[in-house]
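Here the chain labels run A, B, C and D in written order, and each chain numbers its own residues starting at 1.
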Amino acid sequence: MVREYGSIYNQAITCSISLHVSPHNGNLFLMHAVPGSPFNPGEQKNIPDEILEQIRAKYGLDDPPWKQYITYMGNLLKGDLGDSFKKINYSVSELVEGGFPASAEVGFWSIIISLVVGLPLGIISALKRGGWMDWASMILATIGIAVPTFIIAMLMMYVFSMKLGLLPVFGWGTWKHMVIPVVCLSLSPIAYITRLMRSSMLEVSRQDYIRTARAKGVSEFMVIAKHGMRNAILPVVTYLGPLVAGLLTGSFAVERLFMIPGLGRYFVTAVSDRDYSVILGLTIFYGAFLMACILVVDILYAIIDPRVRYTE
Amino acid sequence: MKSNRKKEAIFQPVAAPIYTLEDEITDDSLFEPLDDAEKQTDVISRPSLTYWQNAWQKLRRDPLAMAGIVVIILMILLAIFGPLIQPYTYDGQDYSAINQTPNAQHWFGTDKFGRDLFVRVAYGARISLTVGFAAAAINMVIGVLYGGISGYVGGSVDMVMMRIVDIISAIPSLLIIILVMVFLGANMKSILIALCLTYWIGTARQVRGQILSIKNQDFALAAKVIGESDFQILLRHLVPNSMGPIIVTVTFLIPQAIFYEAFLSFIGIGISVPVASWGTLANDSLANMNLYPHLMLFPAVAISITMFALNFIGDGLRDALDPRLKK
Amino acid sequence: MKKTLCLLIAALLILGMIAGCNGTTQAPSNEGEPSTSTDPSQPGGSDEQPGDEPLKIISYANGAEPPVLEPVMSNYAATSILVYNLFCGLSRIGENGVAELAYAESYEVSDDGLVWTFKLRPDSKFSDGSELTMYDFEKSFKYMLNPETGAPGNDLKYYVKNALAYNSGECTEDEVGIKALDAETLEITLSNPTPYLLDLACTYIPLKVDEIKNNPDWAKSPETYISNGAFRVKEMNPQVSVVMERNPYYYDAENVEIDQVNFMFIDDASVELQAYRDGTINVSDNLNAEAIAAYKDTDEYQSVSKIGCKYFTFHCGNVSDARVRRAMALAIDRETIINGILGLTYAPATGVVPYGIHWGDQQYRDVAGDLLIENVEEAQQLMAEAGYPNGEGMPVLRMITMNNQEDIDTAQALQAMWKTNLGIETEITTYESAVYWDVFDTDDWDIARDGWTGDYDDPTTNMFLWEAHREVNEDGTLKDARWYNLPNSIKYDELMKQTYVELDFETRMNLFVEAEKTLLEDMPVLPLFFYDDSILCKPEVTGVLKSYIGHVFFQYADVAVD
Amino acid sequence: MNERLLDVRSLRTNFLTGGGIVNAVRGINFHVDKGEFLGVAGESGCGKSVTMLSIMRLLPDTARVQSQGILFDGVDLQTQKMKYMRSIQGNKIGMIFQDPMTCLNPLYTIGNQLMEPLQIHKKLSRKEARKRAAEMLDLVGISNPERRLRQYPHEFSGGMRQRAMIAMAMSCDPKLLIADEPTTALDVTIQAQILDLMKNLKQKFDTSTALITHDLGVIASVCTRVIIMYGGLIMEQGYVEDIFYRPAHPYTIGLLKSVPSAGERTQEQLTPIPGTPPDLMNPPPGCPFAARCSVAMKICALAQPELHEVGDNHAAACWLNHPKASHMKGRLEV
């Protein structure tokens, strides 16, 4: 069996290595084209320019981009992602290791919830098409897209922590802190998964093999759960790869609002601070993570759909 | 089959036959041959509708989709005529009327500069809707073409194209956008270009997946047999058949474009002050949301209603465009 | 066969869950003492031993986590608040907010005011009990100036002889005007007499330079973060909080009531307000309009004037007519911008030197009087004189600002006021802070957001900005305000040079007033407001000192623990 | 008259569509006896598939079924709840469909789908079900069944898939096998093999079979009795010989003329029936075939003739059988 998956494995691994390196090359030159440098006076111009030049020289920002590229590639091969320009003496890998568990935890639970809520909603609204159930789940699913996350976050904070006092307002540590962020994070994927599932379930329930299954006396539940689900889940699986990568590496808005010590905020602050090594480090980390998720999705797809295994 | 109460109306009562073979029929004329006139052979009972008319009929009967269309029309009217109804301009400041809650004079109240919120929301509609629709349309076209070609051609081309997609999605989009802004300056054009550089990836992936699964179905092979060019097959057969997921992703693109525009404007890349879009209005009001809730309420409600409307239209469209789906 | 694959996937997932779910592991750098992750949601930390009397704890928040926690390498306000609670220099800001001697027991000044000799307080120690000598002071100052360190450094370096020269590599370490004659005495030679040296000396802190040199990660873990101030580092939770405990080896340790300070990092001001309301923090220093509106009239609200002035700079090359600049300065209503639009408690600027700078025991501003009085008619008349009656013929002016809410709102208010009062059209462009100052160095703008917070209680801290020598780069090209080689700018420069050598207090102060008047005649800069710093303290927290440059000191504070 | 297995009395099935109500089946009575091989013939759209699906209750939600009774093995299916129907679907009544390419779930192995009815109805363990499934595959003529069970539908050819379908339908040795155009999608050679297979399965298990097709050739080769349907009604029913040699309904005659009789080398002209089947949205009052019948009379357009005995177990619904219409009968060339 593993032999049969061979084709997919090597295809995915070769391209993941090739991908690994390429975004980061693009990135490096891209960054040097963007104006501004990591060392700038910030709020007020209280550092004379000569000192700034000095600091930039110390970090080797003055030498031409291709030279920096070589030095960067040098230590990359040694596994050192370099130090952050902004957070002095913190290496990028330290930042990533420090931030990743928190982001992963929130991301992981929001994936679970978006699947646990999204899939059934999609199926129900497909089976009861036109009925009030279809209506209700579609409206619920649309909330995820229509209402901006920060409004939902603020409302939930207002209701659950301020008024009812059930949940702490912010901070990190116990599961209670995760409830609102996870809900905010999973609303949008729920909307997407519900719609995808509804659309593909409608498609599948019209197929002949569903009627054959019924003609075999298979119970309605089993017809949907066994025969219907497996076929209908395929488009959702393709969407899972990028979704998992995106959620597990944290979201800027949610982490900033709920003070989650995660990775999400670095994706944005690194760029506005022009913190080159953090940007590069994060891109590589995200790139690798994305490839891993896509690899898992490819394998999952092959497990579910035998036809994919055989088309060389 | 559900036996429901309307059953009788469905089945007309079986009328007793006026003649039966056994009884004597006196009227011999009954047995003259039926002349052709009376034989209406191929009578057309219902007008045959074109594909689009049929879709429109189905759409018309979907209440949610209709409500959606009405709301979108309202929003467009608001965008065009809103600023004209009120005597105020979107940037006219009036320090005697700072942070007023909605009243007769200012329907939506005023912001901290005393600017009329109704006019700003109406003006914001112009920007947000154009950015939303334009970005969604462009991204859909790019995404569908890219995904379509990648899915249809398959093999190593597909692998390469998909890896390019992964590379682009790995590069932080903010970097690309700041770069665009540097060369093109902060205005609507640069936002659109920026949004169109990174947002078509989702559609491309979805369309590729769909095309991959339907490209070797019979109708596609049949089209190939009658000599249609690959491009024709892709556009006239494969893409219309993957309308479902395409519409789903498009209804996602619009809100993402609107919120991202707000984020860009906030970090100084999007539209410059004092022009405002729904996104920036909502962002600015975040700071003192509890003090002046009305500043947050109206733009947020405007965004949400439009998104709800778009999504219901999207759902209605998806069902209507699917010929096999009987209502 | 297929089963094995499913197991593999399942294992991966479970692994992910375990990795995810074991709560926040401490930042890997904290291998040392088994620090518990304090749950920031209940103040008081988790290490309260049951039974002994409750600890006096302050939970303080001032916006996002500062990028740098090392004292030497930062020019961020948030970091200096942490640093000046952990470290203490030769002098410190006393309980009444004025500089007083700290680790220096006494000092003499040579009659030409150039050589100051400080005597170290006997048996001064670092927070790990190790000996603190004047050699540490000397080595710290030179380590900070050393070009390799690449540190923004503190303000003393502009005054000490050869300090700047050594910093730019023009001379060796020994020529710098700081020498430790022996373990107890330190001699500082200045480039010119500076009566307010004690204020500057507060920011000049000693470090264990040898340990820092061989352990660059010293500032990342409590064991290696050795300080000598009122508190020392107990715990570090990246992106969440830094916890400090009383430093027993501090020379003034007995008078420090507070046992522990939790520095919490909260990005969002409205979240911080909520945290203050439900008691998670008892001192809040990042107030938004809503917080000010809610607590302005309660005694929990304390406001201190911060010696900083928010102003916009004119590009005197592009906006060359002084009358137009004066008109634009007079035609705006600062009061409405501050209270109506921004909802803050700044004071409208009536000159360049803000409140908080003293003239003897009075405020300089009260003595010098209001040199800038808003007057729209006069402004319109000036515009007419300059040839632009209500704005006709005026080009559209380009205004640039940073992308924070206060700057954007201020810019919009100015834009509208100039349009209504003077008919002048302006166009606002916002930039990220990383890019702003690069655009500021170019010439394609007319009005630019600027501002300055002084460092010491003397008018020069706010007025040196427009001295001639700052206007020119080495290669003679004009810089910043481009207010150079004009009759008033030359007169302003002479006046400022005299203040450096004038020894009599009164005449020196009047020279400043004279200089301020000449500056405001030409108006190369448009003063808007004088900053003030407001904080919220819970009723049971007293004695939290906020200095005139925005630093917060907890060593004089007390918490009524019932 | 041997024992009745299935007795359908005035079955009517309508569909609610956006455009109106489609009367797919307008009241038909027929029966299937034990061990009989019934053929149901008719053009597409005459309601033959809908009839069978109505009996098996496999129609979509928009369908409504009404009847005076669907007696199967003594039980009136019409009144039974879904649970009972499920217990006989696949168990007592097996069903085969037209397009083998899409009738099998592409994501499950043939074995898995084959064992499903055995596990549900016969409560067999996985091992026993797998063994029984292998036997069935062997029975329907698929070589080394063990390996085949582990394969997926897309690894089977069209013919083999149809055999698998038959194996699946016959796995619980049902009393009645309904085959809805089983051979239409297959080419002729495979078609003949499938028909032979069905024939000897019938002999071996003595299951009575209802074969639905539009191809009279297929009916001639396997069926014992035939029902000709048109416009949702039964035009004629009877033994194969009666229908083929003594057709009593113009539609049947028309059908026979439009089918090339294999074997004889004649230059005989094939004459198709002009016109198109009636619109079932508002069906004609009289005989549905009246509009296309060459010998139609006025009465044909007015009233619908019910089935009239014209021989031993041979009936036709046509006004020609009325004594008064004898003069028209002459016009009909057989």
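Criterion: contacts are C-beta pairs under 8 Å (C-beta built on N, C-alpha and C of every residue); 3 or more make two chains touch, one makes a residue touch a chain.
Everything numeric in this text was worked out from a predicted model, so none of it was measured.
Enquirer: Kindly work out which chain lies most centrally, taking the average of its C-alpha atoms as its position.
Expert: A
Enquirer: So what's the Cα centroid distance for chain C and chain D, whole Å?
Expert: Computed value for the inter-centroid distance: 91 Å.
Enquirer: Report, in whole Å, the distance between the mean C-alpha point of chain B and the mean C-alpha point of chain C.
Expert: 51
Enquirer: So, what's the distance in Å between the C-alpha centres of chain D and chain A?
Expert: Using C-alpha averages as centres, the distance is 54 Å.
Enquirer: When the centre of a chain is set as the mean of its C-alpha atoms, what distance in Å lies between chain A and chain B?
Expert: Computed value for the inter-centroid distance: 25 Å.
Enquirer: Multi-chain contacts only, two chains or more: what residues does chain B have there?
Expert: Chain B, residues with two or more chain partners: 178, 267, 286, 289, 327.
Enquirer: So which stretches of chain A touch two or more other chains?
Expert: 35, 272
Enquirer: Of all possible chain pairs, which ones touch?
Expert: Pairs satisfying the touch definition: A-B, A-C, A-D, B-C, B-D.
Enquirer: Quick check: in the complex, which residue numbers of chain A touch chain B?
Expert: Spelled out, the residues of chain A in touch with chain B are 11, 15, 18-19, 22-23, 26-27, 30-31, 33-35, 129-130, 135, 138-139, 142, 145-148, 150-151, 154, 191-192, 195-196, 199-200, 202-203, 206, 234-235, 238-239, 242, 267-268, 271-272, 279, 282-283, 286-287, 290-291, 294.
Enquirer: Taking the complex as given, what residues does chain D use to touch chain B?
Expert: 10, 12, 14, 16-21, 27, 57, 59, 61-66, 274-276, 279, 281-282, 290-292, 295-306, 308, 319, 321-322, 324-325, 327-328
Enquirer: What does chain C use to touch chain A in their complex?
Expert: Per the touch definition, chain C meets chain A at residues 1-2, 4-6, 9, 12, 16-17, 19-25, 27-29, 37, 39-41, 67-68, 70, 73-77, 147-148, 150, 152-153, 167-168, 216-217, 219-220, 237-240, 265-268, 271, 274-275, 277-278, 280, 432-438, 440-441, 450-453, 480.
Enquirer: Sort out for me which residues of chain A touch chain D in the complex.
Expert: 207-209, 211-220, 226-227, 230-231, 304-307, 310
Enquirer: Touching chain D in the complex: which residues of chain B?
Expert: Its residues touching chain D are 1-3, 7, 10-11, 14, 17-21, 25, 28-34, 38-43, 45-46, 57-58, 61, 326-327.
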